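Take a look at these structures.
One chain, chain A, appears in both complexes that follow, with chain B as partner in the first and chain C in the second.
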Partner chain A sequence: MSITINDIETEFYQPQTIIALLEQLKQPTIGIALAINQTIIPKDEWATYQVQDNDSIIIFQAIAGG
Partner chain B sequence: MLTIADTTFTSHLFTGTGKYSTSQMMFDAIKASGSEFVTLALHRLDLQHKRDDILTPLTQLGVKLLPNTAGAKSVQEAIFAAHLAREALQTNWIKLEVHPDAKYLLPDPVETLKAAESLVKEGFIVLPYCSADPVLCRRLEEVGCAAVMPLAAPIGSNQGLQTKTFLQIIVEQANVPVVVDAGIGAPSHALAALELGADAVLVNTAIAKAEKPVAMATAFRLAVEAGVAIKSSKLAEQHQHAVASSPSTSFLSA
Partner chain C sequence: MLTDQQFMRYSRQLLIAEIGENRQTQLLNAHIIIIGLGGLGSPAAHYLASAGIGKLTIIDDDIVHISNLQRQTLYNSFDIDKLKTEAAQKRLRAINPDCQITIITQRLNQAQLTKQIKQADVVLDCTDNMPSRLLINRVCVSLSKTCISASAIGFHGQITIFQPPYQHGCYACLYPDGQEVTRNCQTAGVLGPVVGMMGTLQALEAIKKICQIPSLLDSHIQLFNGLDLSWQTLMRSRSRHCPVCNHHPTNEGDNETTR
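Let's look at the complex of A and B:
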């Protein structure tokens, strides 16, 4: 399964939930939000939402700012 | 004490987290400032280079987080950013900022007002960063913003209250808290803002880019406390002529 994360194409060998994907990326879930194919997926769906082949995921993070 | 929407703040000094040389410096300065309300931005995650975790120390400090929509150039982008912020930080509070102009970062009034109306309807608690335009501030209040945040001068310019005359009008007419945000460069500017009647100030660059941010944060804390103390009393009257402070006495004449 090929997906794009923040414009970088990555291969995964099996379908993943968002939570599983983030675990594979070693990315904590605090302070982050994400959109799949330009639709924001609510955090409470991350444990069940299945990422599909060719999905384009953008992950955003809360950072320092004014 | 200052109440915005359902939250009461003891400190009238709000602070930004940007531009600090290190995360530790940012944390130390915010702690010294006594600020209870702190802004954050959103950015695409860099999977290759992990940033410092600033959320854990800020949460431990007990400050309330206010994500902003910096980077948004239109209503659609601002609304998208607000939704992302809500998911990322699990808060419906949002500092709405829409500034497509890269040189002066002046907020677009039309996009800001449209986005504010939309976000308020969706249940966000909207704090709009806006120009010091009394008519715009009234419109923002009418669409349901919880406060208005007019600028003193361009973001990061440290020029002080360039919009003073208009801030005075906004303060006079507003029925929601007025937070002077952007351009405050010195503790004296923050004091002046409160003295003219603003309810709070939001300061980032003046502290983060000071020679010694922690010392400057303390200075701002004291200036804002002075500004709050002034609110309980009208100032003594101003006169053109002198009014003697000591009783007159004759020394040489009978």
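Let's look at the complex of A and C:
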């Protein structure tokens, strides 16, 4: 399936949960948030939420500075 | 009923259809708390004082440092080593003597923050660290107070509004780790115009809130990228197990997340 992550299109060959996807990408999970198709998915759902073909994912960091 | 002086001072915004005399009166009767008088709090306080917010409570325990002058627009070279609250109060009073400025020059604990926030209509989180943001969130949720929250680093900014009934969650829903990614000195700086812009937008959203003008930020977070001048608009979601806001009922019933 084809997924866009931060505007980069990537192919994955089987369905996955968000957590599995992040592991594959070697993306650390602390201090980040994630949206799929412009809606944020809370972190407590990452272990069960199934990513779909053509999903567009945005991963961004918590920023506390000001 | 506005005085002649007020008509002149606020004439440019009285001309705006969504403002007018009634809304200006609401601004004059409003009390806003600004926590943090740095890169965000400086422009926010300036624009809110100049727009005619009746009462501002400004909170910061720091003194002005030379490195602040790169972005903290309330201060100048003569303010170095002065308390930020005192320098800010002087500057804001000169901008608008009608604005009642209360200063708090200490880092508040939960009980003290609760006492202050209880008295305000809107809270602006203009702090620069995660523990403060988590505390402000806890207090605002417990008091059902609207919190306009922004942040910035490098070329990037974020802004959103957390408010009851927390249908789209709170700060702890968004960042449940309560931690940032570890950054080094090269990635921890910020550009003046970026943080200034985010603080300015906090002031804009506060004015809209007092004037009951709806905002996309009530349900969304906006991410600003200063490198390509682009915005990402993402709908926020309440976390079903959030220990902070979970006790607030939502429109759809207990613990339902709207998507």
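The rule we apply is simple: the second predicted complex is superposed on the first by the 64 of 66 C-alpha atoms of A that agree within 3 Å, B and C clash if a C-alpha of one lies under 4 Å from a C-alpha of the other, contacts with A are read in each partner's own complex, and residues count from 1 in each chain.
The rule is short, and it goes like this: a residue touches a chain if its C-beta (ideal position, glycine included) is under 8 Å from a C-beta of that chain, and two chains touch if they have at least 3 such contacts.
What you see is a predicted model, and the numbers here were worked out from it, not measured in a lab.
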Can A:Ile59 be said to touch chain B (first), chain C (second), both, or neither?
first
Partner chain(s) touched by A:Ile5 [first = chain B, second = chain C, both, neither]
first
Kindly classify A:Ala33 by the partners it touches after superposition: chain B alone (first), chain C alone (second), both, or neither?
both
On the A-aligned overlay, A:Leu25 touches which partner chain: chain B = first, chain C = second, or both, or neither?
first
After the superposition on A, what does A:Pro42 contact: first (chain B), second (chain C), both or neither?
both
Set intersection of chain A contacts, chain C complex versus chain B complex:
28, 30-33, 35, 40, 42-43, 58, 60-66
Touching residues (chain side chain A, partner chain B) in the complex
5-6, 8, 25, 27-28, 30-35, 40, 42-43, 58-66
Hey, which residues of chain B end up touching chain A in the complex?
16-20, 23, 26, 39-47, 51, 53-56, 65, 67-68, 70, 80, 83-90, 155-156, 182, 202, 204-205
Under the stated contact criterion, what part of chain C meets chain A in this complex?
36, 38-41, 125-130, 133, 150-153, 156-158, 169, 173-177, 179-182, 188, 190, 195, 198-199, 221, 223, 232-242, 257, 259
Any idea which chain A residues touch chain C in the complex?
28, 30-33, 35, 38-45, 58, 60-66
